[in-house]
Amino acid sequence: MKLWDKGVELDKLIEDYTVGSDYIIDDKLVKYDCIASKAHAKMLNETGILDQDELNSLVAELDNIILLHSRGLFHINKSDEDCHTAIENHLVEKLGETGKKIHTARSRNDQVLTAIRLYEKDELSELKELSGTFIKALESVINKYGNIDLPGYTHMQRAMPSGVSLLMGAFVESARDNILLIDSVFDLIDQSPLGTAAGFGVPVLNIDREMTADLMGFDRVQANPLYAQLSRGKFEATVVHLCSQIMYDINKLATDLVMFSMSEFGFVSLPENFCTGSSIMPQKKNPDVLELARAKYHVVLGEELKIKSLTANLISGYNRDLQLTKEPLFTAIETTKQSLKIMSFVLDGIIFNKDKCILSDELFATEKAYKLVDEGMPFRDAYKKISRREPQ
Amino acid sequence: MKLWDKGVELDKLIEDYTVGSDYIIDDKLVKYDCIASKAHAKMLNETGILDQDELNSLVAELDNIILLHSRGLFHINKSDEDCHTAIENHLVEKLGETGKKIHTARSRNDQVLTAIRLYEKDELSELKELSGTFIKALESVINKYGNIDLPGYTHMQRAMPSGVSLLMGAFVESARDNILLIDSVFDLIDQSPLGTAAGFGVPVLNIDREMTADLMGFDRVQANPLYAQLSRGKFEATVVHLCSQIMYDINKLATDLVMFSMSEFGFVSLPENFCTGSSIMPQKKNPDVLELARAKYHVVLGEELKIKSLTANLISGYNRDLQLTKEPLFTAIETTKQSLKIMSFVLDGIIFNKDKCILSDELFATEKAYKLVDEGMPFRDAYKKISRREPQ
Amino acid sequence: MKLWDKGVELDKLIEDYTVGSDYIIDDKLVKYDCIASKAHAKMLNETGILDQDELNSLVAELDNIILLHSRGLFHINKSDEDCHTAIENHLVEKLGETGKKIHTARSRNDQVLTAIRLYEKDELSELKELSGTFIKALESVINKYGNIDLPGYTHMQRAMPSGVSLLMGAFVESARDNILLIDSVFDLIDQSPLGTAAGFGVPVLNIDREMTADLMGFDRVQANPLYAQLSRGKFEATVVHLCSQIMYDINKLATDLVMFSMSEFGFVSLPENFCTGSSIMPQKKNPDVLELARAKYHVVLGEELKIKSLTANLISGYNRDLQLTKEPLFTAIETTKQSLKIMSFVLDGIIFNKDKCILSDELFATEKAYKLVDEGMPFRDAYKKISRREPQ
Amino acid sequence: MKLWDKGVELDKLIEDYTVGSDYIIDDKLVKYDCIASKAHAKMLNETGILDQDELNSLVAELDNIILLHSRGLFHINKSDEDCHTAIENHLVEKLGETGKKIHTARSRNDQVLTAIRLYEKDELSELKELSGTFIKALESVINKYGNIDLPGYTHMQRAMPSGVSLLMGAFVESARDNILLIDSVFDLIDQSPLGTAAGFGVPVLNIDREMTADLMGFDRVQANPLYAQLSRGKFEATVVHLCSQIMYDINKLATDLVMFSMSEFGFVSLPENFCTGSSIMPQKKNPDVLELARAKYHVVLGEELKIKSLTANLISGYNRDLQLTKEPLFTAIETTKQSLKIMSFVLDGIIFNKDKCILSDELFATEKAYKLVDEGMPFRDAYKKISRREPQ
């Protein structure tokens, strides 16, 4: 039964189209909707809408759903539409009248906002942790291979001396800045939308939004109820942008490593059990994992675009279009987490081949020019002197 | 067992990351890979690599896979990586040595290209048919409501008299042009990549690419093997662009209908069983189906971007990144097909409310000016005369 | 004076924001608006709104504008807003009452549509010609260097023997398919929007849309006036998508050539006067032109996105938002033309270094396996036999 | 003369293509390059490369360039390529040998990074200030019209009572969060890249990066020189994402106001001198400024995509592709600043029409249901009771 059921059955084709994959992807939100529902129930008890017995039975059953779900035993049916309805239906089935009261003073609009916000906060924490792991993996490469030289490239031409330390250190510093950004985004979204209902607040009834925000661990209340709706899609765009920043580094590192593992370079090897082969060419040992890590940056870009494009040119307040921001959000976050994990894992196994990592003479042209400068020649003259005698 | 198996086991984490969802989404390609494999087997027989018995048993087993698959009884395991391996493994299991011979003179690279090309051709045909259905649905609205007037808007301001015929007729004409484009794209991609192997052709062995192209119903052979690889992602971008053009019309029609169904307009109603309700507001009857049809245009945009972005800045020849063009292609096509179907269905049920569709006076200002012109006044003077007396 | 002037002055800030760069970029449309205006005038004469003298003086003055413009002597002022107003103001200034009559039975909406359509047709013809030049440049590389071998890469790993002919031939075949697509897009858009006015046709007055379409060289009339509006942005998206397909090839060719010009490969050199240097590293000779050709693909992608995104979620009929489709269209076309030209030019100068283009042994592994197949061994067994003895 | 001039002249066509519009758009960076050059000169003096006289004359001439530039008297020639070269050429022309020394221990790579970083910091400060002005404009609407009711919409259907205060308040709260994000992005990028040279640091010579960072007002040094290059494009993506967040609010507010100004609503009017007219329809008064503000969000999206897409799949270190991140950055920032200004200006003039802003009965359905809840009925029962009796 749907939350808005009025006795008219929704056409089957329409239902399939509108529900889409929500009943599948909402699996990620079950836990968070239960957490928010418990906070909401406690608040309804505080304000007199639920008595203590009702509260106790609701909290117990919501905890039970979390437990069932963690064991793979709580499912959302297509006819439920989404996790919010599946949970309320379960409560009504188990608790009868009491179950019906949980939806007092809230709407699915603020429910889904709250569940997504809680989900995002958890995921941001995990992205931070995984970024930490990634940094450790980079540092361990420096520990192992940090004394190995590498040519440094500009315009993809040999430019100046570089090395494993400098290269990996660049990604360490970048990942640390990513963590700064994770923290900022976390702070930005750390506000509770619960109690904003359908974007216009809750009339008649007394609710305590500070209380639910505290119970769920939010830093503050998102005060204006219409802003809560306005932030749907907008906050998601920022979270996914953050993912794209993390994936950008992975894209670049993967691009470096794929090139460095070409036989023309030979700087880097992957363990054999990290590589796949070719169905036709017996000799091939391919760095597929790096190619896919490189490619997945673009998946995140596509998901970001969906969120940023579909929410535009629409008036304020909830529009059903917003439902389609969920899947891009989930996909972008999952992709980023998996890619951070796999790159950390690849870095643990990667081999730098010291004997192939040779600095050629032309890399020292700048150094030579600077030596002339150090002896007193103006830089532009030193530059010209060296450029004339260097093989180009 | 993988096609490239050499006795070293791929790390489990790496496998999960590289296989991704391929083993699921490749379900769409099973039939097409079997069709291509049958053509390939016949050619191998013609050129003496397979004898007649081997050919017969391969064709019979490939037909059997098509049958099993149509009944939901052929599955791709994660360890198979993709449909091509699953099919070859099945053939080897059933036919032993004979099964091993099917991969002679081809690579997974041209196999996947061929299967996708056949899939795209079928889907383009279906998009053409569904566009025809969409046109019929628009025409049926004209038949029912074609005499109803509507205000015509520019800048979202009432501009000139319009009507249901003009509005629906615009989408009819646009859909007809979409069909022109479908035909062009079909012609463009109607070339067989089979026999291009890994992008560098098949050495030593004689193959007959014209024969396989004919057997599969292609218009011509895609001659240059490296161009076959170059066209991967490129052709897909054009197919998905085409989807975006179809979805653009649906986006606009949905946007019109959502606005016209606002109570401020009331021009249009949806049958009650096409609408969903609100979990908090008892009075609501929401046009969710139109909102989602509007939003899905942007999903297609996101998928198009993925394809266009991930394939760039890569050197010629196959890169594993290309694997990630499959899911966007499938998603874009499925979304477009579903949306054409649902919009045709919605149009069948939609109601124009004649009594609400009133032409207001200001819509006739241009007409009045033109009457003055008809009487001999220069247009700019007539314009100024009318603009001064019209309420603005 | 603006076409819609009613005696109230538009606020200066608002004017700056709304006119934007239109008065600059519309320079590209002056010629086409004059061509369309001449056709329109002839039709107004045919239908009795203009007498022969009026027609003669209008045609003469419009031809004069074309001449002035070709000499850089016709300018659009910011206060004119756009080329259409600049031209009409010029006509009124020169011809008085007669000038005022030219705008009878048309709107700026169909004027701009018509001018852009004519512009697009010309540009598509030029893109076709430039693609022809590009093909010739590729073929001339084949003539010069076609017997040079190159390693063929998959996964950026040495895979099988390739060569300059195969590589350049791939781009030839792709460019030929681009020309197919150019022709299709030309056919698609070859329809006259003149006479659709503001999207709701011309009331009262008799107009002959077939006549103006013929005079301007269109294949047919775009019948439904609201479809004319609907196609604004939509046709542009397809034209720009076409540009992205052409640029895709350029991106890939540039990527190949940049890599092949790395000292680790040395396959390719650019003439010294094609390269730029570094401000700090005296030895550098950088392939900037190729890097920028590579990068400009993404500029086209960004412009395509603007067009596809800004037109969505808007109701049918003209919205001012559409003005912003002009600049992306112009930028995408200009970028593509310039890039085709520069790549043809670079190909004319490029040098393949035969002594560096050596086929290494591992490239022949497939060939060896196929020789075993040719001797009767099943492919999978031959593959395994070879893979065991190849250095990996 | 180019910084890298070695006596071979760059082909004219190649020069046109590679310089592009840099010599025009770099005008924005002249001031910042001078500021950075002054800091660099002081450091070179401190470390003994420049003597006090040389320093004094360089600083004086750099100040002179800033002055000339502010008066429109300093121009970058096409043959200069960019602002960095134009400035160095100017210094050499005026100061001879001393001018040649300024480029010691830096590269154009860190020069452009530094100038852009300083530019971004200034622009972020301005965006913050303009967001403040925007908030004031919203608050002034609340002061004037805050007691006016508006229907609140979900699914574009009348849902619950809203009002001018709630609506404008949502954008106030959102703009405040934008300012939080501006501050975070400012902190993120507030690190000095000067001294990282071409991405591999400065050999031989002693430089003091802390000193230049302090002199330019940076919070800290961007330590790893390769990270400085890695952050090019990456930081820009975040700055432009921030712009897209600001523009998102403007897009939504403009969308609301355009709809509310339709005659079917009449909630809002724009002053006549804010509106443009139609060239054909004498009665029209169009909200073009709002339509363009709505559309410009998508321009920013397109620019963001360019930056995010063109930098990907490239190896670490400077690639000339990065040059093309400048124009999107400048366009996105300019568009956002102009749009914030124009929306603040529009808000100052906008009129809410109290007599048209009527709350209709169906907006109170939730309130009625909650009254039943307040009297003890479970919410789901109250909901059903009300939904049966409400006109739908």
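As written, the chain order gives the labels A, B, C and D, with residue 1 at the start of each chain.
Going forward, a residue touches a chain if its C-beta (ideal position, glycine included) is under 8 Å from a C-beta of that chain, and two chains touch if they have at least 3 such contacts.
Since the model is a prediction, treat every value here as computed from it, not as a measurement.
Pairs B-D and A-D differ in how many C-beta pairs touch across them, and the larger number is found at A-D. Of all the chains, the one whose CA centre sits at the greatest distance from that of chain C is A. Spacing of chain A relative to chain B, judged by their CA centroids, is 28 angstrom.
Chain B and chain D, compared by their mean Cα positions, are separated by 36 Å. The distance from the centre of chain A to the centre of chain D, each centre being the mean of the chain's C-alpha atoms, comes to 24 Å. Residue positions 6, 103, 109, 154-156, 159-160, 197-198, 259, 272, 277-278, 280-282, 284, 286, 288, 291, 294, 297-298, 301, 305, 309, 312-314, 319-320, 366, 384, 387 of chain B are each in touch with at least two other chains. Only residues 154-160, 258-259, 261-265, 272, 277-278, 280-288, 291, 305, 309, 312-314, 360, 362, 365-366, 368-369, 383-387, 390-392 of chain C touch chain A when the two sit together in their complex.
For chain A in complex with chain D, the touching residues are 6, 49, 92, 97, 100-101, 103-105, 109, 152-156, 159-162, 166-167, 169-174, 177, 180-181, 184-185, 187-188, 197-200, 202-205, 222-227, 229-231, 234, 237-238, 241, 244-245, 248-249, 251-253, 255-256, 259, 294, 297-298, 301, 305, 308-309, 311-320, 366-367, 370-371, 373-374, 378-381, 384, 387-388. Residues 2-6, 8-11, 13-14, 17-18, 20, 84, 103, 106-109, 197-198, 271-282, 284, 286, 288-289, 291-299, 301-303, 305-306, 309-310, 319-321, 323-324, 328, 338-339, 341-342, 345-346 of chain D are the ones touching chain C in the complex.
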